[in-house]
Amino acid sequence: MTAGTSKDAVKAALTTQALETPSWAYGNSGTRFKVFAQPGVPRTTREKIDDASRVHAHTGVAPRVALHIPWDKVDDYAALAEYATERGVTLGAINANVFQDDDYKLGSVTNPDPTVRRKALDHLLECVDIMDATGSRDLKLWFSDGTNYPGQDDIRSRQDRLSQALHTTYERLGDDQRMLIEYKLFEPAFYATDIPDWGTAYAHCLKLGPKAQVVVDTGHHAPGTNIEFIVATLLREGRLGAFDFNSRFYADDDLMAGAADPFQLFRIMYEVVRGGGLTSDIAFMLDQCHNIEAKIPAIIRSVMNVQEATAKALLVDADALAEAQRTGDVLAANAVLMDAFNTDVRPLLAEVREDSGLDPDPMRAYQQSGWQEQIVKERVGGEQAGWGA
Amino acid sequence: MTAGTSKDAVKAALTTQALETPSWAYGNSGTRFKVFAQPGVPRTTREKIDDASRVHAHTGVAPRVALHIPWDKVDDYAALAEYATERGVTLGAINANVFQDDDYKLGSVTNPDPTVRRKALDHLLECVDIMDATGSRDLKLWFSDGTNYPGQDDIRSRQDRLSQALHTTYERLGDDQRMLIEYKLFEPAFYATDIPDWGTAYAHCLKLGPKAQVVVDTGHHAPGTNIEFIVATLLREGRLGAFDFNSRFYADDDLMAGAADPFQLFRIMYEVVRGGGLTSDIAFMLDQCHNIEAKIPAIIRSVMNVQEATAKALLVDADALAEAQRTGDVLAANAVLMDAFNTDVRPLLAEVREDSGLDPDPMRAYQQSGWQEQIVKERVGGEQAGWGA
Amino acid sequence: MTAGTSKDAVKAALTTQALETPSWAYGNSGTRFKVFAQPGVPRTTREKIDDASRVHAHTGVAPRVALHIPWDKVDDYAALAEYATERGVTLGAINANVFQDDDYKLGSVTNPDPTVRRKALDHLLECVDIMDATGSRDLKLWFSDGTNYPGQDDIRSRQDRLSQALHTTYERLGDDQRMLIEYKLFEPAFYATDIPDWGTAYAHCLKLGPKAQVVVDTGHHAPGTNIEFIVATLLREGRLGAFDFNSRFYADDDLMAGAADPFQLFRIMYEVVRGGGLTSDIAFMLDQCHNIEAKIPAIIRSVMNVQEATAKALLVDADALAEAQRTGDVLAANAVLMDAFNTDVRPLLAEVREDSGLDPDPMRAYQQSGWQEQIVKERVGGEQAGWGA
Amino acid sequence: MTAGTSKDAVKAALTTQALETPSWAYGNSGTRFKVFAQPGVPRTTREKIDDASRVHAHTGVAPRVALHIPWDKVDDYAALAEYATERGVTLGAINANVFQDDDYKLGSVTNPDPTVRRKALDHLLECVDIMDATGSRDLKLWFSDGTNYPGQDDIRSRQDRLSQALHTTYERLGDDQRMLIEYKLFEPAFYATDIPDWGTAYAHCLKLGPKAQVVVDTGHHAPGTNIEFIVATLLREGRLGAFDFNSRFYADDDLMAGAADPFQLFRIMYEVVRGGGLTSDIAFMLDQCHNIEAKIPAIIRSVMNVQEATAKALLVDADALAEAQRTGDVLAANAVLMDAFNTDVRPLLAEVREDSGLDPDPMRAYQQSGWQEQIVKERVGGEQAGWGA
């Protein structure tokens, strides 16, 4: 917060925040050891949208829902978009899925077999068709492609194949559509992932053009990686397209954003604010797995955690910070940042909500809304949504 | 190899090596993203034993098969043991499974709910009953128990509950039976695993008694952990009960033993040899997931990798090493170790196999045996075994 | 905070907190690349004590100073202790240094050369002599001992030698004296450290007796290690003797406590509170390197960070937490913990200080005290203290 | 080795290999805890060159010596180059040092203070002057620049300052000169290093032009990073300028290349061979610290380790590998790679040396040469070279 930044300005910034929740987070998820099903989990994409609309209704800052194809395949996407609008939310990014068919055992767009590559590419292009229908701006691409054993495939040829698929898909994008390229260190590939780090995603984006942007999933880095540095760097390069928020203690744990290291989330949001990212085209998405906790409240909590981190980031006294940095006063500069982090922003956020006519406590409001009881009662029979659905 | 160790002694040591393969590695496995089924995968425990017997037939050093309960539940364990014997192998450790029932969402023996704890304990005791029937010596205990979020449960109370279950189970063991306690840093628990490291497993073993021993799974450590140090320490303490061999580049990747870091496997086997572990009661088990590679040959390769590492460890010139260590000659001491590692032991192992009447090349022999074609053709219909089976 | 825990009780607990600051943190430190000297750094142990007394004067919770031998070698330790008392502090743990003589290139108490081992042992015993003179309760033992290359020395023999030195030293301890054994994953040993983890330290303590306790240095673990789990476990075992607080993003960075991950520090202090550690014999020490920031204020800040984490830990609603844990309500239990963490405890701590007649803002008070200007002016000439001094 | 690759071709490739040893590795080095001086260590750059010439004389593949300025500052660089030539070696990369002056406490080219930035830039330009005099092709830039605490300085502004310094230096380069940009995850910066990863170095190189290339130091990555992937990627992008070889178990341990993970070194060299890097402009340099082992033989051993890894990489049957990869035979493809790795190439390398008139065993030849005894006797008095010299 610069000297000139009033509390009102902070509140205004917080009011306009818009997060995107992932349709699949409302469904069942788990680990390779076990997926624990939960009562009331949606069976259809419409039910997922119903749940997402509840998250937005209580938090006021989660107006978009990302889809995952084919998990969210429907016959009429325009009707789906209308359904969402009626429930107060809009459809967000289209997430392509090229990892769950048997054909993809050794890769999708990087598979040594050209037939499999073609199939995967067709799916990517189909996703752009869906974007046309839903009006979605973003095509989100995460590839599980990689190898488990040294020698299994040629690392370099896989980059060539990847590049080809990306280019063809990029050509298919409309003027207002973007391609978001996600990187991930490992899992499910256990030796070499084809897009393992931001550098690789960035290098491909450069060659593709301005509509290609990098996605930072906060759980996809090697231990010790300074994520906020990557955020600042990509913002400086104009290549930060989106976040997949979640948190982790170990690997890609996919815990609730801010749950494992709230200070890190604050530092990330500080770099976003500092780099002008809050008012940019960046898509702020969640990508989490609520394996053992109740899903809708877990998503509400995650949204609130991102919101709290944002509020703290906005409260940093930019002038005092700049002055301490300029004079090389290490402790004073650090203290300015920590002062904002140590502030309890919950009262401020309660105000923001009340100003918007919302209950100041979204968690309590959801619990009291009766929604959970209703879906547990009504969503009986059918097949619950899940990663494999 | 001390001055007095002849090549014959090395060969003799290699001939008597006995590895244990896990029944579940013959079934389907995968990641949370996808399980790729393979043709010819066993549908029953007997078919798993058939496959294990093939591994032993070609390598000569894998005479035991570990079972996983309830995956390998049968009506008549004595009959199963006899079936195994007829196929040239014996039944090894009984692995308890207290992680795949819905009840275990928040833990098994450490669950806050006493009813769930009792159910889990009953399963452990049932496994000892099975050991009585199969004649198995070892009860292997791995608990997925832990928490995903700080505060979720009381870390200390969970240790108390764990201790109680272990004591009751320990009391149930027969004179010649052992309890093997496995530790794991994380997954599926993503905040605090109840037995995360060797220290915790060891502390419990000390309180239980001499029949409680630690299992070192080579994929279950934090990055940078020196596994051979743990092996040497547990051997010195008389508490190394077993290995679960596999390898990894990142987390618990469960790749083929020796595939990711053959030098590490060699160092581990060197400490085993140096600490007298090769002729001890240690159970040398594999615990791997062959997600994308053919399962039986992958297990044969893993067995061969452990065998090669053992051969190299046996070839270390113990006298030269001791002398270099005594005089503080860092480079010379390291060179003695590296000399053994850099030796190509494949000709030696070919000899060992031929001496035993085996084909010198187990991989080729398996490929030529026709077994793979046979099982692909015959094992049609039914339900393939897998982690969730 | 249980229902019955009043704010007064929390304040009382905070008032009685007693941290120990390390004499060496007031001197120069750095990395292998460069030690940046700072003006005003103490030249003598008495000057270090002067600085430590300033930290205590402003914070009220740092009444002890740890010494490092031979860095703090003086002729008359009783006089030194008196000097400290006159300045309002007392002498704390005696830290043995067996890593800076040329003899220790290949180890101290684990060196293959018995002459070097004897020299190192003599130093340990000398430290107990010093404890007798200073009245210190604790002998803190950190060994840099280890190997850089596989094969360099025999891992197991080194444990035998270590055990011998520890036993002889233990025998020398007086009735009210303790031995604190510190572990560290790596650095300066780059292959195998002789006490790399809590399990190894614990195993040695068990064999030595009740006066041997483990030190948890918060920067000495592998990436991903759950430190609060270790704290809870050692407390449960009655073997947590002390903390060396500091923080890190990567390796043993030795940054100010709480600077890198304040949530982790809070979780650690929560386990301390939960396990009764706050009112136990645990020595709460700092062990940090202020390479680029001003030293005395950095130590004040670190003390305040520990204090804030303690305050938050004390504020956890124990009853609500227990209830949520008992019923398996993951989100509610986590929320209870987070509620305490998200509380801004700075006003409460300002009150605690004012109640004790201190300035509510120790950082400002130190800046305004004129001490820094005074020492910069007066401490000219002589040799500044540093790690190698 | 493709079907068409004869043993002679492999030997020819090995004969033409040219490694560069670092002048500073012949001097004393250590950790922040202690630098253990060694007898016979050079006092001057000429003595370092003498030692480097011994390494080349015995191995035949280390014809270049890298210099470090100001450690290797001399009055007459042309004379120094001639001195080197007379001893059978040439001067290699010039390494700029902007981390050991007091001014650089908060950074060199990224320092918030423009005066310090100017000083650092002048040093970089001076290094190009030296290159002109020595005829060196490469300016190697490693910056210790970064911050220790969040907020300490503005991450993004530091990139701007860095960019400016790099551009000015780039403009100064002659037509045949290159700039090699090194990245490093951490140390001595403990929060955010200004060039922490290959992506950042690569992004700067792209903006600078074709003479800017990335240096891969094998010890400068986060745990779990797949280094050979980076190597393959940079080769594909035409931006791999050089290697700094060394090895590590934990952080930037700077152990002998190939000592910690020989399989990793092999995989790296395989990607070099596969990507045409062996016959490219890549500078193959060592950058190591021989803290406890004898320096010259340690460097000989390191050179031999790189050579052995190269030989194994050359032996990979490229045709068989391509065929197995094409057909998706995971195990067969991995086996082709492992077959080369498991080959004992020491006899082949002995032949290569004998063909060049060298002793087949460089370590023994050095021991028997009397050089070590000579330098220990002669290099008495003066000041031994070291990192701080």
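By letter and in written order, the chains are A, B, C and D; residue numbering begins at 1 in each of them.
The rule is simple: a residue touches a chain if its C-beta (ideal position, glycine included) is under 8 Å from a C-beta of that chain, and two chains touch if they have at least 3 such contacts.
Note that the structure is predicted; figures quoted are calculated from it, not measured.
Shared contact partners of chain B and chain D, listed by label: A, C. Over half of the residue numbers at the interface between copies chain A and chain B are found on both sides, making the touching surfaces mostly the same.
In this assembly, the C-alpha centroid of chain A lies 39 Å from the C-alpha centroid of chain D.
Centre-to-centre separation of chain A and chain B, using mean CA positions: 38 Å. Annotation for chain B: residues touching 2 or more other chains are 106, 148-150, 185-186, 191, 223-224, 226, 249-250, 259, 263, 292-293, 330-331, 334-335. Taken in their complex, chain B has these residues touching chain A: 29-34, 36-37, 99-100, 102, 104-106, 144, 148-150, 185-188, 190-191, 223, 248-251, 253, 255-256, 259-260, 291-293, 387-388. Only residues 223-224, 226, 249-250, 259, 261-264, 292-294, 297-298, 301, 308, 330-331, 334-335, 341-344, 346, 363 of chain D touch chain B when the two sit together in their complex.
Interface of chain A with chain D (complex): residues 106, 112-113, 148-156, 159, 185-186, 191-193, 196-200, 202-203, 206, 221-226, 228-230, 232-233, 235-237, 263, 267, 271, 274-275, 321-322, 324-328, 330-331, 333-338.
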